[in-house]
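After this come two complexes, each holding subunit A, first together with subunit B and then together with subunit C.
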Partner chain A sequence: MRPLAVFVMLAAARPGAAATTLLVEVRDDKGAAVPNAVVYAVPRARRPPPPSRRAVLDQKNRMFVPHILPIQTGTAVTFPNSDNVRHQVYSFSPAKRFQLPLYAGTPQGPVVFDKPGVVTLGCNIHDQMSAYIVVVDTPYFALTAGGPAELPGLPEGTYDVRVWYEGMRNEPLPQPVSLGAHEQQSLTFRIGKK
Partner chain B sequence: MRRGSFQARLLTLMVCALVLLVAATLTAVHVAGNRNLRHTLTDELGVGARVLNRILAARGRQLTDAARVGAADFAFREAIASADRPTITSALTNLGARVDGDAVFLLSLDGSVDADTLGGQFVGRPFFVPSLVAGSQAGAAIVTFDHRPFQLVVVPVLAPQPIAWVCIGFKIDEAVLEDVRRLTALELSLWAADPAAPPLLISTLPQEKRLALGERTADKVAIAETVRLGSDTYQTMLQPIETGDGSAINVLLQRSLEEARGPLRRLELQIFALSSVALLLAIVAAIFFARGVTSPLRRLAEAAQRIGSGDYSALVGVPHDDEIGQLAAAFNRMGTEISAREEQIRHQGSHDSLTGLPNRRLFLDHLATWIASAKRRGTLVGMVMMDLDRFKEINDTLGHSLGDDLLVEMGRRLRQTIRESDTVARLGGDEFAVMFESAAAANAVEIAQRLGRALEAPFTLGGVSIDVKASMGIALYPLHAEDAGTLMKRADIAMYQAKRNHNAYALYESGRDEHSLRRLAIISELRQAVASEALELHFQPKIDIATERAIHAEALVRWRHPVHGMLPPDEFIPLAEQAGDIGIITKWVLKRAIEDCAGWNRAGFDLGVAVNLSALDIYDAGLPALIGALLHDQGLQPSKLVLEITESAVMRDAAYALRILRDVKGRGITLAIDDFGTGYSSLAHLKRLPVDELKIDKSFVVNLSEETLDDGVIVRSTIDLGHNMGLKVVAEGLESSEGFGILKRFGCDMAQGYFISHPIPSPQLLDWMDKSPWGARPGASLST
Partner chain C sequence: MGEPPLRSTIVFALVTWALALSSDLRGDDALQINGFAGLRGTTRAENPLEADSASAQIQAGIDWSPSPTFLAHVHLLARTDDGQSQHGYAGTPEAYAEAHFPAGGSRFRLKAGAFFLPTSRENVDALWENAYAVSSSALNSWFGEEFRPIGLDVAWLRRGATIGATVFRGNDTLGALPLAPGWSLHDRWTLLGQKVHTHKDPFTQEDLYASVSAESDHRLGWSARAGWSSPQFTVLFTHIDNRSKGEAVGDLDNWRTRFEVVGFDYKSGDWTVAGETGWGPTDVFFPGGSFRADLRASYLLVSRRLGRGRATARFDEFTDDASHRYALTLAAFWTPVPKLRVGLELSVGGGEQRALGDLRYRFSAR
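Showing the complex of A and B:
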């Protein structure tokens, strides 16, 4: 939480800009809240600031943790191995092809995801292990849990709000939203059957 | 073994029963087996179809697993992810080679073909079995591809989420069907019913049959349940196979009926073989059993035949204590008893029951045997035949019982007289015969004399002493006859000769037989002679000694025989008596004599007529009436008729004869006793006879002279006897004047003989009466 706090503090300290919080809700066709959906807002006018931090995708108990990891384009992700068996992490996804040959502990260096897109990760030893790294061109993203995801600290401006969830066939249309100063807005995605 | 024998019938029965049983069993097995076979085959074919489906499903799973492993290869997935088509195609080819697939496709997740190993001809086109890629799971299906059945498997390529599908196609070939065939022993044929092209037939059948089946599938001829292919007939079942693309794939399951019937046929053969063995065993058993029954029976049959042919010596072995054993024992008892009874019968048949001596038949047998042996050895066989003189009289006088005793005693004496080796037999009645070996005729005569002496001693019967005399005839082999029958006949002839000559015995003389034959011929001609008037009457006058005038003429019958000339009555009357023809002759003589006598009297001669009656005649109850009628017819006085009878003739049945004689006498007819002095004479008997005259036998009169006093004494005492009994006495056989003188002196009443006249025919008699000094001319007697 500490880096996040730092980040929030930084955002709040930015001069000349008032920050707003956007609440995004994802519901399925039955109206139930869909968890683990990635929601993110892409500003139309300005380029978003470059990523300022690193991300970690751990491997514990022959599982990737977290299962879904949203990151901003250009983020370097480290793949520590917390298990006592070795893993071979790979991706054949067009957004990022790579493989980390069998290793234990922390690999030599992080992998930088420099293209937006969904990268599907697997372990060549353990077929049941899978994880998704959702690389987006914005620092404003969040994962839904039991309720709406909260995108705090959005500067004034117009955004395209998008969503991605596991098993998604066709991406729901982005929802444009204009945010004023100190304004809190919410919106909802209705998705079809998973 | 004869047809119809017990053994044959038993065998036939058993064999028939067994053959029927076997035939029924075989038929039942065959019918049931065939019916069962149909069901079994239908079941087998159904099982085969299920096995095929299972094997295809298993193969599908196995191929899917292989494909899954192949598609999970990291390098393969890497190649697929490379998006470089040549790389992808080569990776697919490599995968196909690894899993032995025939075609490999890479499909995008949306179901279109991204790459293939068939030169890329399907790229960009939708996959032809969309159902296989509709879900997210691996799958398998049977489809028609390239006109032939294929098995397709589809697996996802995971990275690790599905990024594509890999589809591998495997041809369904003979190897798959062979697997099923190994498991089920069925033939399988598989083909895709492609309307566009002639079907490619995949089959386990041999080439030639496959071609035959191919013709049918090509012509789309419906395939029957039973199909003949080449040399084999198959039971079939046509099954469609479930396909993933809706195409029609048929599998034809076939079972060779020949092959399927194999076990049934083996079973039938086994039953047949077992039955044949059982049949053989049964035949052997039947033969043994039948032999056990029939061989004792056959022995019994043989024994019965032996008994039938008169052999009682061999008894039947009694094998068991069963019914056959009892039968055999009964057979043996029967044989013994029959033997004893036959011996008794034979003895009865060959022996005389009274004396126990051999009878005529046995005597003849022995005689024949002796002659046969004498013929070999060159010796003589002699025989004596004898009978008792006047046995009948003895029998009548003393009774049959004592007569029998006499015969028994006589047989005993004869038996004692001859040697043990000789034979004495009773031929019948009082007739006996003796047979002996003889050195010469003289020897035979000696034996006859010995026999005669044996009978000389008086027989004492019932306290009465009786003398008997036998007449014997002797004949010898080979002097008199060559065989037994002739020898006996000749001994018989000799015996009659002896009897005739009043000798004790006579030896057969050659030529006698011809005489005997002549007698036989005469008997047969006699009746004819009576009918044809070949008989004629001669009359011998009988004079009254006191008046010296003829008073009667004795009628004597003569036979003018066409060959033998004139025959005297001695020659044929005894024969007529024996043949029972004497009555005819007597009646003829009576009729003629009465007629002639009536004629004489009508002519003025006072002359009676005398007629001899045979012994048999006086037992003819009709005779007195007949005589009465004849006299009446001719108007002759009964007193003119004299009937002469012998004493012995009356003796046979005195009571009966007496009645007849009294009847005759009552009619006024004169009765005379003829041949007086030759037979048995019983004065008491004589006294009761109603006779008027006594005729002294000529044997006493013929030689009557002053020198021969013996005969004279007899004649004189006889005359005295007759007179004392109130009878007139007649002397027969007067041949001399000397005799006439003696008779006259003795007081004899009448005389007859050659001295007076020979017998002469009736006309000459009248002439004699006219001319002879004895003649009684009409009226002359009155004038004297």
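Showing the complex of A and C:
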């Protein structure tokens, strides 16, 4: 992979927005939108509020659904098994090393992800199954799809905006952005070819 | 001739101990038992659809996994339908230890013991259960009955790519069963130490047998595989060579078999399409001559998850030079409560028909 080139393309205020919203695009070196990239804004000044919701990573038809799950540090994740075959979920990742013994249905308790980082999941019965839980120190995160990811409801302040995508070797430099009240800004990360 | 059980047990224990020491052991609830008890009723049919009219079985997997990087697994099985064999009622189809070694974005997996090679695209549940039908395809029925590497498997896995290699003992008779009594569709996995009847020696009229664990020529077989998978699609190519001398020893029906297998599966929503094709020559050598047959077996299945159930259609094709046959199997599963599975299956093939009902109660303990 070539070194990643990252730059901020545009920061344009759009008056009239009801809340502060950050739109973040991730594009490759040919200008194409990169789907399934996690973008997240980490506030510089404030400690972010603790996670308020649980997250779910399902297993359907021998696939983890979703394939990439961004969560805030401290979030509890349940791993239901919706298949008619059993799964044995594990992670060797330093951010969360764990395993769920072979099971069908829903395991007894959720797994709490208490350190930021990328957790790579696998199934010991089905080698082809893989997924990523991206644990970030902020409640402000989103996944890109065909277009920009939208981070709505950000309080006024300064943030470091970061990105993670599958296959990333070197994290692009975080981009600082200052948000005023009731405005919308856009940001673009341009990354090297995946 | 045959298996030296004490030596194998000692080697297995030593390898398990070494792999366990190489891992970072910790954690509670490390011991787990999973399995099922089943009852089955089948209409009468001959090969390729032969089975006992009523049968019962219980299978259990005992897993000891004190760390995500280490697992010791023993698969136990007891049944009433032994498929006309010796020592086929109760025993162990699999017993192995495996250790994972993460390295950056890759991991290596070392497995030692007796295990199913991970070629099958349909026997994808724990205990090598078929996820889509009660019986397995002709190809995987053969592998389940006559192929069980007993040795060492090394795999490298990175972002969907897999490369693996296996060195194994035993399996000197691999290739005998598709020729006599012929390809068949069932789920009777051979136990270590079991001998499955193949045919009578035409000269001596003595019974000959196939065995996955008997070692009569002391030559190691090998296998290599490479594959790639995305969340929705998997393809895997495997080469197998049992390096048998192909000469009958005692009552063992030894064949020298080289076999290629290509398998894939594609999943979209509740739908799965999966298939495998395998082909290769098998040779037998006897005083004054030899005989070769080309084995080939393929299947293609389409399956859909339906709420608490699943419906599957599978088409099989299998040939051994002397015959070229087809089979069509329709199967349905229903899970009225989480631990109970009801299975119905209709098969037509080789001029035979078979209807089958299967009831399984699953259990687990920690």
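Throughout what follows, the second predicted complex is superposed on the first by the 175 of 194 C-alpha atoms of A that agree within 3 Å, B and C clash if a C-alpha of one lies under 4 Å from a C-alpha of the other, contacts with A are read in each partner's own complex, and residues count from 1 in each chain.
We take it that contacts are C-beta pairs under 8 Å (C-beta built on N, C-alpha and C of every residue); 3 or more make two chains touch, one makes a residue touch a chain.
Please read these numbers as outputs of a predicted model, since none were measured by experiment.
Superposition note: with subunit A as the common reference, subunit B and subunit C are in steric clash. In the superposition on chain A, A:Val34 contacts neither subunit B nor subunit C. Within the superposed three-chain model, A:His67 lies in touch with subunit C and out of touch with subunit B [touch as defined at top].
Applying the stated contact rule after C-alpha superposition, one finds that A:Ala76 touches neither subunit B nor subunit C. By the touch criterion defined above, A:Val42 lies against neither subunit B nor subunit C after alignment on the C-alpha atoms of chain A. Once the two complexes are laid over each other on the shared chain, residue contacts for A:Phe98 go to subunit C alone; subunit B is not touched. Looking at the superposition, the partner that touches the larger set of subunit A residues, subunit B or subunit C, turns out to be C. By the touch criterion defined above, A:Asp127 lies against subunit B and subunit C together after alignment on the C-alpha atoms of chain A. Of the two partner chains, subunit C is the only one that A:Arg86 touches; subunit B does not reach it.
Of the two partner chains, neither subunit B nor subunit C is touched by A:Val112.
Residue contacts after overlaying the shared chain place A:Leu143 against neither subunit B nor subunit C.
The superposed model built on chain A shows that, among 75-83, 237-245, 507-515 or 723-731, the segment of subunit B colliding with subunit C is 75-83. Under the contact criterion defined above, the residues of subunit A that touch both subunit B in one complex and subunit C in the other are 90-92, 97, 120, 124, 127-130.
The residues of subunit C lying in touch with subunit A in their complex are 29, 32, 34, 61, 63, 65, 67-69, 71, 100, 102, 105, 107, 118, 124-126, 129, 131, 155, 157, 159-160, 162, 229-232, 234, 267, 269-272, 305, 310, 333, 335, 338, 341, 362, 364, 366. Residue ranges of subunit A in contact with subunit B, taken from their complex: 90-93, 97, 120, 122-124, 127-130. Within the complex, the subunit A residues that touch subunit C are 60-64, 67, 83-86, 88, 90-92, 97-99, 101-105, 120, 124-131, 167. Against subunit A, the residues of subunit B that register as touching in their complex are 72, 74, 77-78, 81, 158-161, 163.
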